[in-house]
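A, B, C, D, E and F label the chains in the order they appear, each numbered from 1.
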């Protein structure tokens, strides 16, 4: 029996200037590949799971290269539909200190945005699968993806898969109203909701009162209230909130709050000197999913997720290129960074 | 008095793997900027001319960077309309020996493709101008660009500018039929037509009989016939044909045939060990335009164009980063490549 | 009406080893261009102002490349005199933590050092101008530059330009005595003096008592006394002092004290995790000049200057490659470094 | 039905200085992975075949990275035994013109060299397989590999697989006497022998009379005699000889002679301006194997192999990163290297 | 009179991915050379001492390159025995923040591991020498090196050299039991023992009670007890303990405790934002040895050692590429990192 | 007995854009060190000789780095006078095909140019020496170097050293008249004159009639006449002329004519596909000097020089990083460039 994990979304070519250069001064761009659900897939595969990533990619060298990247990490790419005209691209300018990172997207009209319902045979895709993950970015990309995403969660639910959904609100992609409508539908079929500080408010109007995101401080009590409210809007039984306190583009605190309707679990908090914070949330999702399937204790699952995503933010690229034992070491408290010989 | 040169078209972000790597194996991509008419503009500016490049670019860091590149070479960018959503991109894989170079375009829906008639005030743009250049790529990009391109050549002609047009047929962008219709209109207002070996056939069905492009050999007599026929399809008084004999992706012969209805001028032929052949044709156009304005003799103008474009193909990037005196040295016959101290 | 800003000084080729390597171990050197007044010019141009940079550069590829850099940022280079034999060069070794950055200069006999009075026609240069900026480095470079610098400030003053002068004392270039004599003359024509912690003492013997520069701590009261005294030595009506507290080569505090004879304005203080601190003072000058011309409130002008220069120190190279809106965001207090999508 | 291709041997970490630098002056080394049979596996996978590569790799990040490389190209790595202490390494200094390339090996005591018989379950490995390929390098690496290699070819033969063997004599690894003894045993089970100019002589004492390898010229008649003799020493029914004429480290001629006991097929000869000649022979083997399985005509199979390996030598790295359609284009005669848009 | 310093051990090729990449994602590896005693030799030479490094290196381009590196820093390499089959290699993955650095060794069977007694003529090597340094790594590498190391310290002692020994326990190389036996013998001839926090416990079972290495905090009193005990196990008259408090892979505190049987000297403590912590201990050893020979005061010697090694950790590579005057500046308290012009 | 070789001249920092970029587009510059006599010294040291290089270098990190480079290759740098203000720099733009390489010098006022007679104690320098080499560049650099150069050759001659002098005329450094006067004096003390095609004419007005340097063809008979005349102008007994036929910046023919007053030796001619032709002449000088000291036959010496310098031109940098055995292989005729395993 396979026990496969399925994720569905976009994988983009990521291009970023090296050494804290601005896009304006870039003479070379470093190549990576990433996208919210692709990052979750890749991290789950690195942890030793069977993982299928579902998307659509153009049948050209750029599509090939994205597939090659996923395959290199052990992700099954055989359900990737090839066709369409372009791969989504994003340009990432790494910030530092008081200067924020900047992202310029070029993803409109990408192959996945223009995918059609018939491109994906969910019955086949879900064969032998136990988990399905999607984020709010996927339905935000196009109307056909709204339809396809709802198809996917429904069929997943029917077939008895556990469904997780990261709200991941992107204001450039859709309005709050549209997001609320679509995500409201999707979380009907969702078992585990993941959200960051602002998603709950943006998508469902759930407010974490008196919290000032810009100042970088946070108030746990309010997040408990947010978590409780999130469980009520859909049919989910678990919710996880990632808590990022941005001291600057170079230093953050990072932790998570988990709630299963029963117990609030507030994870250990990590101080991170950041190498690459992009994909931090996705690596938390992957770590949490892996943890929930590995540990009997939810606390351990959450701590695994947070430790995994702490590590991610020290690694260049979108993807959390770490193994399970490395995460377990961090969980045990060894964050001294001593050389391992 | 200004005596400005105007060119109109797209400038793209060009991304290419270094050191003959394939796109499939690229971990960094080198950044350049280029596009047929932008390349002509930049080379004319390097020769010391006043040049305005007209296009539309998104108001984001990538648009800024493209402008910055043009400004650095002395091109006037004040008539570039800012707006729209994306910059055109092309991925260039450099070939070598028997392996051809490959280009993957991502230019659909770029700002210039979606430009509107009202984005460009040609009366203002042409103030003080003496020359207007466009290539067949620009109208091929979108229907609105067909309209705008025809506007531009008409107004240019009315205002007494010399108009040049490089046929530059791209089969991926439009059909031969559409190209024939539109280019047929444009060359009504054109004084100087530039074409490479295949354009005349593709766009106007003019055949260079018995010439086998793949084998890399060519037959001058047939090109004379092609040149003569090209002068007849429109109102142009001059035609220039670039003659590339591709021995391999690493070695080419390069020359030109010019005809003004009177005399056939066959240029010197250069053996080139190629560094970057992209933009070779555009640098010829710039050299020829510069030459026609500098020299009283057409032969000198043509030889200047061919020498300029021979140099271009030894320089990385789309643009011919050479000065007038460097071209004159090549024209004089110094192609020995000795170190200049 | 143009409202141009003029700066005069040297632009050098800057060469630095990447990735914290020492010069001793460098196998490549990264190319940038910079110089105190050139940096001010470039930053003012990035903020959207019309700016002319005046210098002398050799007529060779290195002089061309320096011009190209300035033009790329929108600086008018048409008043740069071409001639002379060499471009000034400086080698910058980036420090880290307890290791200081090191600069090795190779600027003696550069074209600007050997410039002559007749190389610059100040009446023409100042046409349509409202501001002239110079630093103490320029007259320190050679005797002829003493003469030319005094010419420039006198003519600027006569023509009604606002004149700013950054004391910028460099002990390698001249003695304190010579500096005091020449700068004493220059600040007779200066409206705005900028100085860092040590300049006032070095050039005018004005002491900030009890302040220990090495320990990295500072005492604001003493700087108020310094500011007051600086206003008295010349005819300036404004003085700005940059306050850098060096915790290490990697971390600094950064703020400014401004005094207009009336009110002391102590800016917000930023904690900076440094990417490149070179040019920090120059970017403050540019920000302050821009702010004084943009805002009616001097506090806003000063805060703009400090925010701008905080950003600079997160960007590789001498020049502050940021736009006005990015500075305004920092001024508003968003220094959390969150990703901007 | 799977129709899998199996290859067995070593995959090494390849480290090479960029830009024609010598090892003595290298400050960075470019990372690739390669080994004779691994290269064959990877190329077969690029052509769309199901391929399993069998080896032993240490269970450390270097072993992981080698696996990751193979997986990225679609090679099945599930039969790679993990264990042992080190990955084989080779340092490659690229030559140019009159300077030869140099290889320094560090492969003694690698995991595969110390592999044991029980590490490989050939019955399982060969399930669903139709072809087995090995080269003379594998048994040359250690005594246990002699045993394992003979196991493998015997079992392959018993199970009805086609067996191919590239003689690939390496004088640093074993003596001619030992090679003759072991390879004499292996080719008893071999259907297709591949050899280059010197292997036949070194391993089996078969002489290509009057041929002077150093001068770079060759005499086809003698190679026909060599091919005939090679068919007689074992039970093979096909033999292919790669013919390299080294004009210099930068330019070669490349072709092949094939003999099936019936007809001599002399392939087209390519002039190659080399990017990376390492792996040229392996890419020929992969192309020939693919061709023999794809085409009914042996001439087409041979031409496919030669065209494939001509392309390889224009690509950095050991592996032939080309698709089937790209090889077919070369076979059709398009070696002009024109840009493909 | 020469007053030479001799060190004996291995020098390895060090390969590390740039920019915090993991080995799994490295496409290039940066080349450095290092090894505990080689690092001490190189630093002593940078301080202006006559230094001979003794080892065995293969007679191939990699051995040449290692020699070239040492010679470039002024180390006398004429006593390096050339021969054997391989150079030791280590792969270093730089950690960041919570992610530890990782080292993968490939040093088994290196030339020095397989060196024989007759490869080194200690009488000749020690001619004119005043100091001999070795670390516990050298005898740990092979049985023959146990013998040779004991030879070396004995002869050094007999000839009146001062002998220093850094315990440097490596659990991958030998057992605690074997280490205790061999090192127990070596420190009989040792004047100065250097150890880090764990070595005393690992090698001699000396416990620093209640100290929790992982938490990164330390308790000076216990280290005093450790120092006292270390003086008792052998015949040494001085012991130095390096005290590293690892806050993370990016930030450490660094200091030292020195004891000469008389006075405990606790050095200044430095906060380090790390560039490359590898070789930190070796640079302390070199600084201490240099200090003991330069200063009459032991406190100055210790402070010199700690300041030197603080600087090392801001420099890429194993070796402390700093001069004596740079260390003296740090000792004087200038750690503000201000630019030195 | 030492048998040392001495060379005297300038060593410069060489900065060059990678990958055929122009200086105008360089974002990094590759670091090398070179200078005519330094190159000879380094190559002689690579061949295993004892070599002292004499120059003056500033006491700063750039001077240190140049020394470090020479020491790394085994050159004795202990007679290098440290002092003065700057290191000479040259910027090298690599040409390709029809585009010539370009050199921009920044060597005026370098430490060696401003050296004084008392900086060099020739009696000490020449102790144990058998050969002294200088080129015409050294006296061309400054008037004091004229004096010092003449000192050096005189003392060398008196002490019985063999003196070689490469005419190396540089028109930017001095006039033909001054060169003739000074070089006329120097060759009075010279045993071996080396010249390229143009030096004899430029310096001594000796014409190689009917030879057209630009066309790249040459006429051996005329060079024989030049060689004969060169022997007559001074007291030399041997003359060597390097013969470069520049087909382009990418391809050259390379050979030499040697004459000892008795026999004309015309070397083998090599076709070179160039990697870096700078230093080609110097490597010939080093090879010839080594050959004259190694072989009894002058033909072998000349062939060694030509083979050595053929190799040089395939290696990046000024210096011929090859060993004696590699040159001997080329001499034997193995120029096929086959991989050496």
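Note that in this section a contact is a pair of C-beta atoms (placed from the backbone, for glycine too) under 8 Å apart; a residue touches a chain by one contact, two chains touch by 3 or more.
Quantities reported herein were computed from a predicted structural model and do not represent experimental measurements.
Of the chain pairs C-F, D-E or A-E, the one whose interface repeats that of B-F, sharing more than half of its contact pairs by residue number, is A-E. Looking at C-F alongside E-F, one finds more C-beta pairs in contact between the chains of C-F. Measuring from the averaged C-alpha position of chain A to that of chain D gives a distance of 42 Å. Taking each chain's centre as the mean of its C-alpha atoms, chain B lies 42 Å from chain C.
Those residues of chain E in touch with two or more other chains are numbered 18-19, 22, 24, 27, 68, 102. Within the complex, the chain D residues that touch chain B are 18-19, 270-275, 310-311, 313-317, 321, 326, 330, 333-341. Here chain A touches chain D in the complex through residues 68-69, 71-74, going by the rule given at the top. Chain contact summary for the complex, chain B toward chain D: residues 19-22, 24-25, 95-103, 105, 170, 172, 213-216, 246-251, 277-278.
Contacts from chain F toward chain C in the complex involve residues 15, 18, 22-24, 26-31, 60-62, 64-65, 68, 85-87, 89, 91, 93, 102, 104, 106, 108-109.
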